[in-house]
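One chain, chain A, links the two complexes that follow: it is found with chain B in the first and with chain C in the second.
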Partner chain A sequence: MALTDCLPMKSRVMEQRLRREAEALLEQGKVDWIIGFEAGSLRFTTTPLITDDKDDTKRLVVSPFANNNLSVYLTGIKGRVAIVAKGCDSRSIVSLIQDGKVARQDVVIIGVPCSGIIDLAKVEGLVGRDRDEIDDIVREGDKVSITFSGDKREYPAGEVLFDNCLACELPTPQEYDILLGEPTAARGDEEKTKSREKINSLEGVKPDERWAFWRNEFSRCIRCYACRNVCPACFCERCFVEEAEPPWVLPIPRWQDNLVFQVTRNIHVAGRCTDCGECDRACPVRIPLRSLAREMYDIVGGLFSYRAGTDKEVPPLLTCYEPTDVEDFIR
Partner chain B sequence: MTARKIAKKHIADLLNEWRQGFNVFVPSRDEGVAKWARWDGGDAEFLEWYRNTVVPPKALFFPPLEEMFSFHKDGDGYRVEQPPPAEERWLIFGIRPCDARALAVLDLNFKEGYEDLYYLKRRENGVLVGLGCTRPYESCFCTSLGIGPTDAADVDLMLTDIGAYFLVEAVTDRGEELLGKTSLVHAATGADEARAEEARKAAGARVTRKIDSQGISEKLRASFEDKGFWERVSAKCISCGICTFLCPTCYCFDISDELVKRHGARFRSWDSCAFSLYTKMPMENPRREKWRRLRQKVCHKYEFYPDSFDVIACTGCGRCIRLCPVNWDITWVLSSLPVQKQVGLET
Partner chain C sequence: MGQDSEWQPRILCFLCRWCSYVGADLAGTSRKKYPASIRGIRVPCSGRVDPLFILKALRLGFDGVLISGCHPGDCHYQTGNYFARRRMAITKRFLEYMGIDPRRVQVSWVSASEGGKFADLVTEMTQEIRQLGPNRLFADEKQGDGTTTTP
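After this line comes the complex of A and B, so read on.
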């Protein structure tokens, strides 16, 4: 089944335009590389396509399953790049520009107005089948129909989109060179509230219960560093966790070390994290990392009225201060 | 040896009987993540959902973290203490044929490559009860590596799903011993055996992902210097440790010491050739670029391991494919290897 079959007409039009634009950019020598998505090798997946060959642009897709934040590849690539970006991804690109990791003139941002990405784990939970045992998942407007064992069921899209998509404030890229379609609206307040339920319930419990919760979660961590490596904001060439002299934490999967690693990582990406949800999705043992990431995102918003990656002209949040700051520790 | 059978509804009872003589491990779920856990004597509900675990059973024999020994400052010197011995006798119930084969593959390194006493002790004390696959994943490709999803070759006792019963075959003497005392197992009929044969064929047919493993070492050898190819196929890899840590045949480890005041310990933990700091401690990582590290991973499994031990160090369990956050697919890389292309020297 081609991924394109799952697409409504609007997305198919976007996809055709994406292929034309990408091919032209390579052909005219405006960029050296295209970073986009192509159909993945498993059902309902896409996979990053990184190419300098214009013939490959025929494989580019626009898909409701395109979950990766491709901006993670920008710092490792030489030359000028055209990159496909959803709302959150474009903010990560802006954040990289703010940090001086990417030069604006070297990037052509092909913005995709995003309607939210389908969370296969939620789909599995709804229908009680593993993803490879589902015949079809089709997004039509704000409904998603799921077919399995000859049975077709329809659900509101809000029930199967990733939590970070439900909470997304800017689904349409604000920073772009080409925008592939009409801007999309953010989800309603009710869904935004719902997307925070897990975090609210954690905030609501006593500290020792919360500690017990995270202790159990981080006991599963295998320290594969997928959360860090998929994160565009984690751009350090050498992570603090790999420093041996002095060793801040041991590189061993002990829950205490795992927790220190993740908490420190969250502090390092504060003001850079755009709540793209990649850390959470990448975790093979399903530690709810977005609960930490989003909490930090909201703390940053509450304390500094700052939203990562929305203004390429301002300095990164944690590299600057205001003399008029109400806190006096800096003076 | 005549085959026997056991009713599925009696599996929990059988596990309870075995628990008298063994520490029994079964598939379990922790926040939705399938892993191995000590049998708690409840019902065998895992039979309903179990396909395979995220963390492979290698973790039971070669744990993600283990203390090798501890040391304590004692006057001017150090006193070294061995950790308490591993499980006395233990039984892994439900291991899949791909993962059981993976242990046989690991044995070669840990026994013939060098004698890894930590691993070998656990292996010696462990009994494997296999459970044939009836629902392989779309990412599974065991049949391309000479393994059937219901193969009994690498376990002590093998169970095959025949409806309300499992057909039970003792493969080794240790397996036969497991059946010695129980009254829950009965003689199977010819019809049961025929049903098992059908189940085996059906399971094999459900594995649809294929690679051509013939001559793959030679193809890899020929493409070793093809930097362009390896750069292309590694471009999207994010160099995390998922595919190696969760691979049932990967065995690299790192060693760390920790000293707090007068007490310390030496730990070993899983390491990955995907990491840029791999082997950094003893010298340098000779594979600074991502494409070299990824090439190492593929070649180790399909070229170097066969060179050393005459067996491919991949059993087609598919974890590296279904757990990869960017859908990097080893079957896609193996099937796109350049064929006998003239290539220049690596630069």
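After this line comes the complex of A and C, so read on.
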């Protein structure tokens, strides 16, 4: 079954338009590359499509399973690029522009108004079936109907979306050249609260228990650096973990070094992280990395009223200052 | 640790070359007394301190980390301490979320003329950390013989 079979009308219209626009951009020589999504080899998945061949644009899809943040590819590609971007992805692109990593005139942002990406793990948990046993998942408005064993059931969409999508403030790209379809609204406050549940429950416990929790989580880390590699905000050409003389952390995945790596990574991307949730999804050992990223996102928002990637004209958070910045912690 | 003395914390200080390092020097030349708990590292500016330094210090087993620079407006490079202030604000909050007691990582403005302030600061911070006890954050689980592996 092709992925497009489970798309409702609205997405199909967007998809047709995306293919036309992408083809035209390549044909007219306005861009050298297209970065988008195509159907993945497994059902209910998508995979990045990076191409300079206009015939490939027929494979582009708009899908409620397109979970990757494609802006990570921008810094590694030469030439002008058209890129498919959801709300969070477009913020990552703006953040890269702010940091001078990408020139605005070299990117054509094809904005997709996003209504949230479906988390297959949540679907599996909800229906108690493996993804291979599910016949179809269709998103219609704020409902999701899931078909398995000849049985079609409806659930509220909020139950199957990724946590970061529930908390999404700007689902429609604010920075774009082409917008496919009408803007979508952010989700309700109730779901925003729900998306912070994990973080709040941690904040409720004593500091040494919090530390014990993270120490336990990071003892699973195998230091594959997937979280770093998928992160568009992690664009250093040489990461501190690869410094060898002298090394900051040892490459052996001991929990101590794993923790130093991840905490430092989060501090380094502060003000660039848009809470796209890629680190969390990329983690093969399921460390709740988004809890760290979101906490940092909220710290930055709380202290400096700064929201990453919302204004390409302002300097990046940590490259500027206000004389009146918070100082109550300084003795 | 001496037999009769109480446990002495080890505090790593990052001292700005223009203000706090000179302030610390003044504390010595003006014979102010403060505990011998600090190990100072001179940095060109408080803006030089990467949060990674703080984590590495804690990872190595230092019981506390102090970052000290010029007062706002006094930076030799005009703005370095303003950048440091932003960076330290988020770092401190984030480490607190991880479960590191905020008293272990402290930031202070000490000018070249504030020898007394530096001595008082070190004295107070040492007392606070003594209350907190040794840094076991990165120590491995207790082993059978009751000892712990230090990183």
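Note that in this section the second predicted complex is superposed on the first by the 325 of 331 C-alpha atoms of A that agree within 3 Å, B and C clash if a C-alpha of one lies under 4 Å from a C-alpha of the other, contacts with A are read in each partner's own complex, and residues count from 1 in each chain.
Keep in mind that, in the parts below, a residue touches a chain if its C-beta (ideal position, glycine included) is under 8 Å from a C-beta of that chain, and two chains touch if they have at least 3 such contacts.
Predicted model, so just to flag it, every value in this text is computed and none were measured.
In the superposed pair of complexes, A:286 makes contact with chain B only, with no contact to chain C.
In the superposition on chain A, A:242 makes contact with chain B only, while chain C stays out of contact range. Of the two partner chains, neither chain B nor chain C is touched by A:75. Once the two complexes are overlaid on the shared chain, A:45 sits against chain B while remaining clear of chain C. In the overlay built on the shared chain, the residue A:304 is in contact with chain C alone; chain B does not reach it. No residue of chain A touches both chain B in one complex and chain C in the other.
Those residues of chain A that touch chain C in the complex are listed here as 202-203, 207-214, 240, 248-249, 256-257, 259-260, 263-264, 266-268, 270, 295-296, 299-300, 303-304, 317-319, 321, 323, 325-327, 329-331. Chain C meets chain A in the complex at residues 51-52, 55-56, 59, 72-73, 79, 82-83, 85-102, 106-109, 121, 137-138, 151.
Contacts from chain B toward chain A in the complex involve residues 30-33, 35, 51, 54-55, 64-65, 135, 137-139, 235-236, 238-242, 245-246, 254, 256, 258, 267, 269-270, 272, 275, 277, 281, 290, 321-323, 325-329, 331-332.
Against chain B, the residues of chain A that register as touching in their complex are 40-43, 45-50, 68, 72-73, 76, 121, 130, 132-133, 216-217, 220, 222-226, 228-230, 238, 242, 244, 247, 250-254, 278, 281-282, 284-286.
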